[in-house]
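What follows is a group of structures, each given as structure tokens.
Consider the two complexes below, in which chain A is the common component and chain B and chain C are the respective partners.
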Partner chain A sequence: MIEEKFKSVIIWIGCVLLVVFCLTPFLYMILISLSSSPDFLTKLGQIEFSFKNYYSVLSSKSLHFIDYLRNSLIISAASAFFCVIIAGLGAYSITRLALPGKMLILFFVLAVSMFPQISLVGYLFKFMSSIGWINTYFALIFPYVAWILPLSLWILVSYFAQIPRDLDKAALIDGCTGWQILRKVIFPVAAPGIFSVSLLSFIFAFNEFMFALMLTIDYHSRTIPVGIALFQGLHGEIPWGNIMAGSAIAVIPVVLLTIIFQRYIIQGLTRGSIKG
Partner chain B sequence: MNLRLVELTKRFFSKHGSILAVNDVNLEIDSGEFFVLLGPSGCGKSTMLNLIAGLEKPTRGEIWFDETLVASASRRVFLPPKERNVAMVFQSYALYPHLTVFENIAFPLRIRRTKEQLIKESVQRVASMLAISELLDRKPAGLSGGQRQRVAIARAIVRKPNIFLLDEPLSNLDAQLRASTRGELKNLQRNLGVTTIYVTHDQIEAMGLGDRIAVLKDGRIVQIGTPDELYENPVNPFVAKFIGSPPMNLFKASINYDKGSFFITVGNKKIKLPDNKAERIMSLKSKDCLIGIRPEHIYINPSGAKETLKGKITSIEPLGKDVLLHISIGENKFTAITPKMRFEEYEIVNVGFDPERIHVFEIQD
Partner chain C sequence: MEYHTFSELRESYAFILPLMIFILIFVLLPVLGTFINSFFRDISFMQRKFILFENYKQLFNDSDFYGAIRFTILFILVSVPLEIILGLIFALILNEAVPFRGFLRACVLLPWAIPSAISGRLWELIFNYNYGLANFLCIKLGISTGPINWLGSSLGAFLGIVIADVWKTTPFVTIILLAGLSSIPIELYSQAKVDGSNFLQRFHKVTMPLLKPVLIVALLFRTIDALRIFDLVYVLTHGGPGGATTSLSLYSYRYFLAGDFGYGSAISVVLFVIAFILSVVYIKLGRFAELGT
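Take a look at the complex of A and B:
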């Protein structure tokens, strides 16, 4: 009895420490963003609350924060969309067709995803500039899709493989074509997988820094991570308030998406394979 | 709809070579017939069903629905399942987990772009026919095995199929439910009058449901006949053992000819075989053969029997009304079903056969 209590206390302490460790920088960011005279490592007691940083980030034309946010949302959404479609088709054919060397394809894809991002950046820059895509959405969407595809494919293959083949057969007999099976049976049944992949791709594209730094020039296509990093003024002054407020706002879409989709994702995790 | 299989063959290729799943099957199934494909697992019965449904392409041979050729390897004809209008119930039920019961049943109609009003009417009609009207709003995950099974049947019959295919639909149900569903299924088939092909490895189901049964082994049809024909006149030991529970007793014996009659020797007793078996015995390749006798045709301590043998009871299984005895006579072991009486293990009893009920088979490798 005492031992069990002790155990649960230990577990609680562990959990609390972990949460504090993870959330402290985040909370500090929120606090600084609300401070009227923000500076790095301000003492907590000295903070006077105001929303002026948020106001300046959202209204100042020269910061282009709204442009960055829009670019980020469009690029991330498009990347997630194409990623799900392509990975979905790929996973369907890998799990459902009599393809020779399926595993070879899967492992090849996995191997490709092991390349460090930095090893491709130089080539990618040359390529994008020669086809004139630098500073366009496409310059980011294409590499993002390619970059997230291996993981998405693996996740969806594991989801699709769990769906009993009898469902495909039943749908065929009920009169579906191959496309209809994918659209009306496989995709809806694998919805938790589809949501996970969409969310992961979105978050990856939303957070990505290096490609965005190299392949964009100004607010026409620059995304939030790069945008915030370049808030720093010409003379080296660091606008901590704006940076923190921008970061806080940038968190919102991802948190919202996670909250909306988590129901489906958790459902998928707990329900496991569904016996038809 | 009448169904005809002509020299139907399916060969699967894999890394380890090829497997002949269905081997040169010729079969005609009449319109409205309840036809059962019976065989042990791996005998190709499900593959045959898949070939008829259009889920597999035949390697050789043809499939005809009435006068329509639906699949032919040589003439390169292959109608997809969509154009055959067959319905199928799977062992796993294969319900769509993301759809409600109503939408599951409506699914084939929606794919056909049936009018909404008609979909509603049809779904409600079959739902009330199968007593699942109150389940229409639920998802398959919230149903019991028996209910899922009904939904699967409802989905199959809602669009009035030409041929109704059932792949071991009862094997996931418990014994009691299986027996009652069997009766309902038979009634349903009679009422709908749809040509039905039912795959099972359970001979009790096959006997209870089928107008005719085809017994399959290694991709070939061993025997086709009504349940009675298969029970009374099995063509070989395989069918003899497969049909009937407990299975037929089979033992090796050699046939002797003496004074115009045929005899076999069991234990140290000569038993005369009836004269009407003469033709069958003459057709045997050697005088060594397999003799078969069903457990219910062995009589224990018969009164006034002519021919009896001494046997020792080795174990006793009560079956309720009857009792199943394991008996050894010399080197041979038999099972016998007999009305309940007091028996003791290791008791010596008189065992009588009805020679008319003896089956004679060729010894197979």
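Take a look at the complex of A and C:
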């Protein structure tokens, strides 16, 4: 009995520490973005609340904040879309069709996902320059899709493998082609998996930094992580209020997706890595 | 042995083809190109020239290269164990019947979900010498008497990178370990309770042995990921002060940025080879873990 009490106290303390550890930096970000100067801690915690940081980030044309955010959303959504389709086709081939060397392909793809990005980016820069894609959406969407495909494939294979074979056998007897079975049977039944993969692909593409840093030049295609990383003040002093306001707005999409769909994200992450 | 017709085979290839083409063009070809480039003197606006191992010989005598290796290894040795330990503690907590479980899980995911470039910026402000949160807390809690020069000193910058990375990556470890924990049958714990073992004994006798395969997977996965650290060092310390926190990826990137693709490629080939060896180990062990359970 004493042990039980002791344990529940420990767990309560642990929960509080966990929340403090995870959320304090976020709260600090929001406080700074809402205060008129970033040094309120030294002024004995007197905060002057104002929305001027948000206003200046959103209204200043020369910051291109809205452009960066739009680029990020378009590039991430397109990457997630292509990733799901292509990984879906591949996972169908691996779990349902007569593909030789299935395990070999799975482990090859897993090895590919461990490649350091830096060992691609130098060549990608030259390649994208030679076909004139530098500073376009394509320069990011294509490498992102290829980069996120391995994880997507692993997750979808684990979902597809659980679907009873009788379902597609029945469809096959009804005269459906492979593509029809995938579209009308597998995709709907594996909807939670498809959704997990879409979410994770979107988040990975949204967060990617190195390719975006190397393969974009300006607001025509630059994404929000690069925009915020390169955000410097004009007169030496770093405009922390503006940066934190920009960061707070920029993380809204991924934070909302994470809070609302945490179950799908956790499922996807565990299926993608534990089975490996 | 199953027998497959030609048309069945053709269909299976057709479905895997788009995936293979994407990986071939945008991953394998670039890696191959980087390998080939590492044998060339390849600097912007200069004649490209085949020099075989010259870049590697230069690497061999490059003290900054050794500095980058030293930082990368130190970073792995310090940050990965911290992430695994903290992740294990969080996972043990979340595996209990705690209230607000969904809220807690969402909290844990948030640091992982936001771009590391943005969290890098956030930590840059937290470690600000004059008005950052870190120095405010350190002085208020009596950890230090005066402000700590976090990003301006080698040790401070190193610790800053580690703290920011632990904050960002512990969630991932937590999620992986939580999945491992929840797959341990409850009966094993009740049986151990009946046998009169206490919490620590149960952790030692039931949890740890069954969690070991998942722990190894998390450990290797984190090691490979930490090996290629780039975003955080680029944003938080720019590799400084004086190159003290320059990782292998960042060191290579600097040469690409300066237009020296040959030497930059040679650095990234070294990183690639290390990562590749580790991932072969990872895949072998992962397979082993799957067979074992």
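Everything below uses one rule, namely that the second predicted complex is superposed on the first by the 246 of 276 C-alpha atoms of A that agree within 3 Å, B and C clash if a C-alpha of one lies under 4 Å from a C-alpha of the other, contacts with A are read in each partner's own complex, and residues count from 1 in each chain.
Basically, a residue touches a chain if its C-beta (ideal position, glycine included) is under 8 Å from a C-beta of that chain, and two chains touch if they have at least 3 such contacts.
A quick note: this is a predicted structure, and the numbers were derived from the prediction, not measured.
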Q.
Going by the contact rule set out at the top, does A:226 touch chain B (first), chain C (second), both, or neither?
A. second
**Q.** First, second, both or neither for A:167, with chain B first and chain C second
**A.** first
Q: Check the residue A:189 against both partner chains and state whether it touches chain B (first), chain C (second), both, or neither.
A: first
Q | chain A residues touched by each partner, larger count belonging to chain B or chain C | A | C
Q. Of the partners chain B and chain C, which touch A:175 in the superposed model: first, second, both, neither?
A. first
Q: Would you sort A:138 into first (chain B), second (chain C), both or neither based on which partner it touches?
A: neither
Q) Taking the superposition as given, does A:154 touch the first partner, chain B, the second, chain C, both, or neither? A) neither
Q) What is the shared patch of chain A, the residues that chain B and chain C both contact? A) 274-276
Q: Show which residues of chain C lie in contact with chain A when the two form their complex.
A: 2, 4, 8-9, 11-16, 18-19, 22-23, 25-31, 33-34, 37, 89-90, 93-94, 96, 98, 100, 102, 104-111, 113-123, 125-126, 128, 130-133, 136, 167, 171-172, 175-176, 178-180, 198-199, 214, 217-218, 221, 224, 227-228, 230-231, 234-235, 248-249, 252-253, 256, 261, 264-265, 268-269, 271-272, 275-276, 278-280, 282-283, 286-287, 290
Q) In their shared complex, at which residues does chain A touch chain B? A) 164, 166-167, 169-177, 180, 184-185, 188-189, 191, 271, 274-276
Q: Enumerate the contact residues on chain B facing chain A in the complex.
A: 50, 53-55, 80-82, 86-88, 90-99, 107-108, 111-112, 140-141, 155
Q | Residues of chain A that touch chain C when the two form their complex | A | 3, 7, 11, 14-15, 18-19, 21-26, 28-29, 32, 38-42, 86-87, 89-90, 92-94, 97-100, 105, 107, 109-112, 114-127, 142-143, 145-147, 149-150, 153, 178, 182, 203, 206-210, 213-214, 224-226, 228-229, 231, 240, 243-244, 247, 250-251, 254-255, 257-259, 262, 265-266, 269-270, 273-276
